[in-house]
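Both of the next two complexes hold chain A, though its partner changes from chain B to chain C.
Presenting the complex of A and B:
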């Protein structure tokens, strides 16, 4: 990537003590795409949920996603619709107490007000599994809020979350 | 505005090829690392394996691989493997592509990484690999090396670019 200002950290946060979730708010609309990088652990085995919104986190059943998953012995695919979250670590690449969970989520064209929003995620947990998924948020609102949290367990202290903005020009 | 996605170093194999592509003395001043590798080997056959060594050692590595070859998908465990590699029998002038993302590479926890790789070619089979990798070490990553798992040569024009990503 060119050495310009096209990959910019918008916000970064390190979980100071066990907590259910963290929410990025007031995300500026000045970028083209967003990238969320999360590296950490949970208090016990737990999937990771991502929700988005405009002004607040949308908890309604406006999410659908399709997962391609590998656990070291077999490959599977599964699909979910009308969900209350995009479960970015679904299937085998969930988090646990070891600080080795790695999730990278791309939010394409997040600020437009014409289309529903597509998200791509890669979840990595070398001891459990690897997955790639695509998610959809059925809203034409711009995304300015992103929620990241454990589905059943707290995020562990030391978990790092960074949100980057990518500008097309 | 600050430059937060910065080229640290790049390597291109010369006319004789290279046994490995190495990055050494990686500074600890970034938050994450991102490596983009375009490579091909001279192994007889249509495919080779691309391996990655961290800090010059091959121990304490584990990985789960999600693998597709155009006709079936599978999953398996690995250690040093970071994907398939185009080889002598692959369509001419095609080079496999791999992206490796390593967050918190200089921190005091074990090092997780994510790999996306492809070896597209105009042949019967081509390969896509998604990998969750782990180096179980609290040492900062200071060197990375990419090489053929079969000990063959990475041919001329094989390239790798190492970027540093800052979160502030």
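Presenting the complex of A and C:
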């Protein structure tokens, strides 16, 4: 019944020196879902932006997302519509210089060409808080490009980005 | 599982083993829609199960929930479950729980309505990742958790993100999973909804 091994590392990148962003390109369409695991820091307090695209990064306002945050004393929720990015580390779980942040973004059915793309993310920052979010890219194009970057600050050297592919039977 | 891979990756600097995560079965809903997704005869050879899916409902408006029941031989429809939910809809947060006679699913987001239906935001599908832990163990009750959400760029109904946990009060191994949406409102799973079941080895 089982179809064999999956959950395959596609690419891993370690930021060598402070830089604004990193983009995964030419992502194969042979998987069902993608998972991006990011562990790192920024030059100063900054949210983290994810953008996607087909052939190039879509920088238009085709993104929206809803966030659930917890900061140790309260839980809040906020929505952003018609955005130029999906901010996966937001409000209570943004990145800074001190403690590494951890973000896991799931790109569900990223290669299908019939639906908009839904993304689920969890962001964790032990010193600040946690968040869960859902993001939408309003395009039926397959995703083959993923951008990851600080919204206002550079990604710090040593930040690691690993992209996995999960293939369904 | 992600946590395990991450720990391996970042603590040792070595590439994690990825041969412990296998695809078991996938259901893609066709043009006619589907009232239920059934995974049966699930082998007991894994340690944990993960279901990853996108879904949308047919008919009606205002979103729809989905329900996940588990069982051995057949899905248990009795009130042998309990669950908790934490939702955010962009302005408020809501915590809810089900137990006793109202709890007949291990994942039961009827308070969250985590996907869209026919006349809602076009082309947008709800998504979820559900982990069912130690599913074949015959010495303890079974526990599940979910990360889920729908997003519609400000359309109606509002986007929503949620976390759930659930328990099935049975020591039987799980070999059956049934996922349904809300037949009360004539809602089935719509075309392009896709449900993928994976096994994670211990």
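We take it that the second predicted complex is superposed on the first by the 164 of 169 C-alpha atoms of A that agree within 3 Å, B and C clash if a C-alpha of one lies under 4 Å from a C-alpha of the other, contacts with A are read in each partner's own complex, and residues count from 1 in each chain.
Everything below uses one rule, namely that a residue touches a chain if its C-beta (ideal position, glycine included) is under 8 Å from a C-beta of that chain, and two chains touch if they have at least 3 such contacts.
On a predicted model such as this, the values are computed, not experimentally measured, just so you know.
**Student:** After the chain A overlay, clash or fit between chain B and chain C?
**Tutor:** clash
**Student:** Between chain B (first) and chain C (second), which, if any, makes contact with A:33: first, second, both or neither?
**Tutor:** The answer is second: A:33 touches chain C but not chain B.
**Student:** Under the stated touch criterion, which partner chain does A:104 make contact with: chain B (first), chain C (second), both, or neither?
**Tutor:** After superposing on A, A:104 lies in contact with both chain B and chain C.
**Student:** After lining up the shared chain so the two structures overlap, which partner does A:8 touch, if you call chain B first and chain C second: first, second, both or neither?
**Tutor:** A:8 sits against chain B and chain C alike.
**Student:** Between chain B (first) and chain C (second), which does A:67 come into contact with in this model arrangement: first, second, both, or neither?
**Tutor:** A:67 sits against chain C, while chain B stays out of touch.
**Student:** Identify the partner contact of A:75: answer first if only chain B is touched, second if only chain C is, both if each is, neither if none is.
**Tutor:** both
**Student:** If you stack the two complexes on chain A, which partner ends up touching A:125: first (chain B), second (chain C), both, or neither?
**Tutor:** Once the two structures are laid over each other on A, A:125 reaches chain B alone.
**Student:** More residues of chain A are touched by which partner: chain B or chain C?
**Tutor:** Between chain B and chain C, C touches the greater number of residues in chain A.
**Student:** I need the one stretch of chain B that runs into chain C once the two models are overlaid. Options are 39-47, 57-65, 75-83 or 93-101.
**Tutor:** In the superposition, chain C collides with chain B along 93-101.
**Student:** Both chain B and chain C touch chain A; at which residues?
**Tutor:** 1, 3-9, 12, 37, 39, 68-69, 75, 77, 102, 104, 122, 132, 160, 162, 164
**Student:** What does chain C use to touch chain A in their complex?
**Tutor:** Within the complex, chain C contacts chain A at residues 2, 5-6, 9-10, 15-16, 18-26, 41-43, 45, 52-54, 56, 86-93, 123-129, 147-154, 158-163, 191-192, 194, 196, 198-199.
**Student:** Could you list, by residue number, the parts of chain A that touch chain B in their complex?
**Tutor:** Answer in residue numbers: 1, 3-9, 12, 37, 39, 68-75, 77, 92-93, 98-102, 104, 122-132, 158, 160, 162, 164.
**Student:** Once bound in the complex, which stretches of chain A touch chain C?
**Tutor:** 1-9, 12, 32-33, 35, 37, 39, 64-69, 75-79, 81-82, 102, 104, 106, 108-109, 112, 114-116, 118-120, 122, 132-136, 138, 140, 160, 162, 164, 166-169
**Student:** Flag every residue of chain B that touches chain A in the complex, lowest number first.
**Tutor:** 1-7, 31-32, 62-68, 73-77, 101, 103-104, 109-110, 112-114, 116, 130-134, 163, 165-168
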